[in-house]
């Protein structure tokens, strides 16, 4: 008997991670196919969070939608309402006062600080470094207090209204905010030092989930994920609101791995703290920041607008179209996580199963932002793998 | 690359007083302007229903006032009842009200085994309503 | 907490996000961290739903997540309790009229404590957990019997 | 801005702008892929990405409008390529092989609006819509979907 054919059977393991999983507090399901320890394919299954928001916005009036779109994502709610409000303002030709613009930037930058801190804390937890997680979360409470002072709620600010913001900042609160930020800055530097020097973090994050700059633009990845790979994308450069007047640096690193993405977030946190300090010291006092909500126009002109904003996770875009009625004709939301998570399936391949949550967390997944989708990863087709099921059908 | 640099911090807190707030034995500091429970003051409410129309969560229902309640200006004799379990505390009703009829508090202690409504708080604001 | 006991019950919590905006989730996370520290009452986050006594549900229950929620509830050991955190988990909040939302955790599983707010403060979530702890310690009705 | 409209001169039907200053170039649907190819050749792999794909339903015109929002960098300019498809049979060539990043946008537009992207093997129903909506063959973002 001569052997004329050898069939190699790959031992393919199917590991579902999520939607309820100790390492993932998000309703997403990663179906990981592994050969031994090596990941060969990842399917991102979501849709557990699809709430039909775009359809819902067509059924509600322009003003009610401000509160609905801030609930697309709780972590970056002010950014969502800012970009929607700016799109509506462009349709309606309303210009907020300079003070209101500064306050909007202040609220958005506070949000960036707390968002970057929480994802770094979660990263520490996923790596098994619970002490660091607890310390970062303790210091994050300072930012939550600052948000409470400014907006009136810890998480969901509901701070913006067409034509301005919904509450002004008085002198006492301004000093309190300044104190909080002054206290926060040394703590953040301490964590940067930990991330730069600690061996545990270094070993788990360096060289994991490498994305080349070319892949970033081809797959449309945005935000810190792109900036960690040396791609200089930042929607704030457009100078919307007061970003044209507040000085800031765009952090770009060329590490290309998970560690680089986390470091981009830490240095952006420092950058945001100094922006907030600048705003608090140079808050203009011309013009009222708070519009009278009972007197806002009730007529909406026909028109369309497309606004972009740099959310903590990357470029967030809204398209708003009005046909002259009370409700918008179409609102299209494209969130950063929608691109970052769905299009990044390629980056898991070749790593071990234990690295999958690390890589996912390094993209700062915000599943509620994604809002939708069951997507199969785009296979690059370098190697062909067969699952047992496919193999049996093929042998018939 | 060096030693785990968090050790100093850990040791500092190991001997220091814990950062934990002893809630519920000790209160936490809540901002006065925190957006908590709110209800309509029936002395000012005219029953115009604007808050119910503008509420993004549809948490406000207009209900008939009880017979005994005496209200100064409310021809239709209806008043808004906020469902605290559905309310998202955006305070759109507070800012849109043309008569400033909403009373705001920073009360957040609403957890309980049943759904809560603002009915009793509103009726207590007028004579003959609360009984 | 009225009577001191030598051995007391330590309920562990599991957290399931059924389509929340993450606002409630980060507040649940904040509740479990040093400033509020529910481990003082024996409450901690359990790694698996099979070890948990309290299920914290956040988010407007989407149709897809509703099946998973029911399955998770069935996997819990008794006594089991459910806390609905946030306006969305109680009544659907702003999403109650959407086509893909069940609007309300109590339409899928029995809920023992409601914590209103959008999102509720960590103190309020702690209040909700403590009500259940108290119920357990005073020998209250076992959850999940409905 | 002029550079791009010059580049697409032979493709463009009309050009105008969406607020604030987003240049819109209307293109017949057969030539969308070619136009994007020309743009990509100009900017290279790292010079441009598809930011979002917006599909809008117009029942009274019996048409579906498709907008491709492109962002160039590092100068951060936004361009819009706009095309119109028939409502009964909305078909357009997929741009997946040019821009893999269009995957999420194409899949979403297919599931919620029913546009078929020819050449994209990943599009299917129930991507986002719940099973009961998808099984009825209803596209939630169509104005007459009734959901």
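Order of writing sets the chain letters: A, B, C and D. Residues in each chain are counted from 1.
In the analysis below, a residue touches a chain if its C-beta (ideal position, glycine included) is under 8 Å from a C-beta of that chain, and two chains touch if they have at least 3 such contacts.
The structure presented is a predicted model; accordingly, all values stated were derived computationally and were not measured.
**Q** Return the chain pair with more inter-chain C-beta contacts, choosing between A-D and B-C.
**A** Output for the comparison: A-D.
**Q** Just the number, please: Cα centre separation of chain A and chain D in whole Å.
**A** Centre separation, chain A to chain D: 23 Å.
**Q** I'd like the Å distance between the centres of chain B and chain C, where a centre is the mean of that chain's Cα atoms.
**A** 21
**Q** Give, as an integer number of Å, the spacing between the C-alpha centres of chain D and chain C.
**A** It comes to 42 Å between the two C-alpha centres.
**Q** Using mean CA coordinates as chain centres, what's the chain B-chain D distance in Å?
**A** Inter-chain centre distance comes to 44 Å.
**Q** On chain A, where are the residues touching two or more other chains?
**A** Answer for chain A, listing residues that touch two or more other chains: 47, 50, 52, 55, 67-68, 71, 138, 156.
**Q** If I count partner chains per residue in chain B, which residues reach a count of at least 2?
**A** Correct list: 19, 56-57, 88-90.
**Q** Multi-chain contacts in chain D: which residues touch at least two other chains?
**A** If we look for residues of chain D contacting two or more partner chains, we find 129-130, 140, 147.
**Q** Which pairs of chains touch each other in this structure?
**A** Those chain pairs which touch are A-B, A-C, A-D, B-C, C-D.
**Q** Spell out the part of chain A that touches chain D in their complex, as residue ranges.
**A** 47, 50, 52, 54-55, 90-91, 213-214, 216-221, 231-235, 237-238, 303-308, 315, 317, 319, 321, 329-330, 332, 334, 338-339, 342-343, 371-376, 378
**Q** Would you pull the chain C residues touching chain B in the complex into a rising list?
**A** For chain C paired with chain B, touching residues are 34-37, 40, 87, 90-94, 96-97, 112-118, 120-121, 123-128, 130-131.
**Q** If we count contacts the way the header does, which residues on chain C are in touch with chain A in the complex?
**A** Against chain A, chain C makes touches at 14-27, 29-30, 33-35, 47-49, 59-60, 62, 64-65, 68, 72, 88, 93-95, 97-101, 118-119, 121.
**Q** Quick check on the complex: what are the chain A residues that touch chain C?
**A** My answer: residues 19-20, 22, 25-27, 47-53, 55-56, 59, 67-68, 71-75, 77, 118, 133-134, 137-138, 140-141, 144, 154-156, 366-368.
**Q** What residues of chain D sit close enough to touch chain A in their complex?
**A** For this pair, the touching residues of chain D are 18-20, 22, 45-52, 54, 56, 67, 69, 71, 73-74, 76, 78, 80, 96, 99-105, 107-108, 111-112, 122, 126-130, 140-141, 145, 147.
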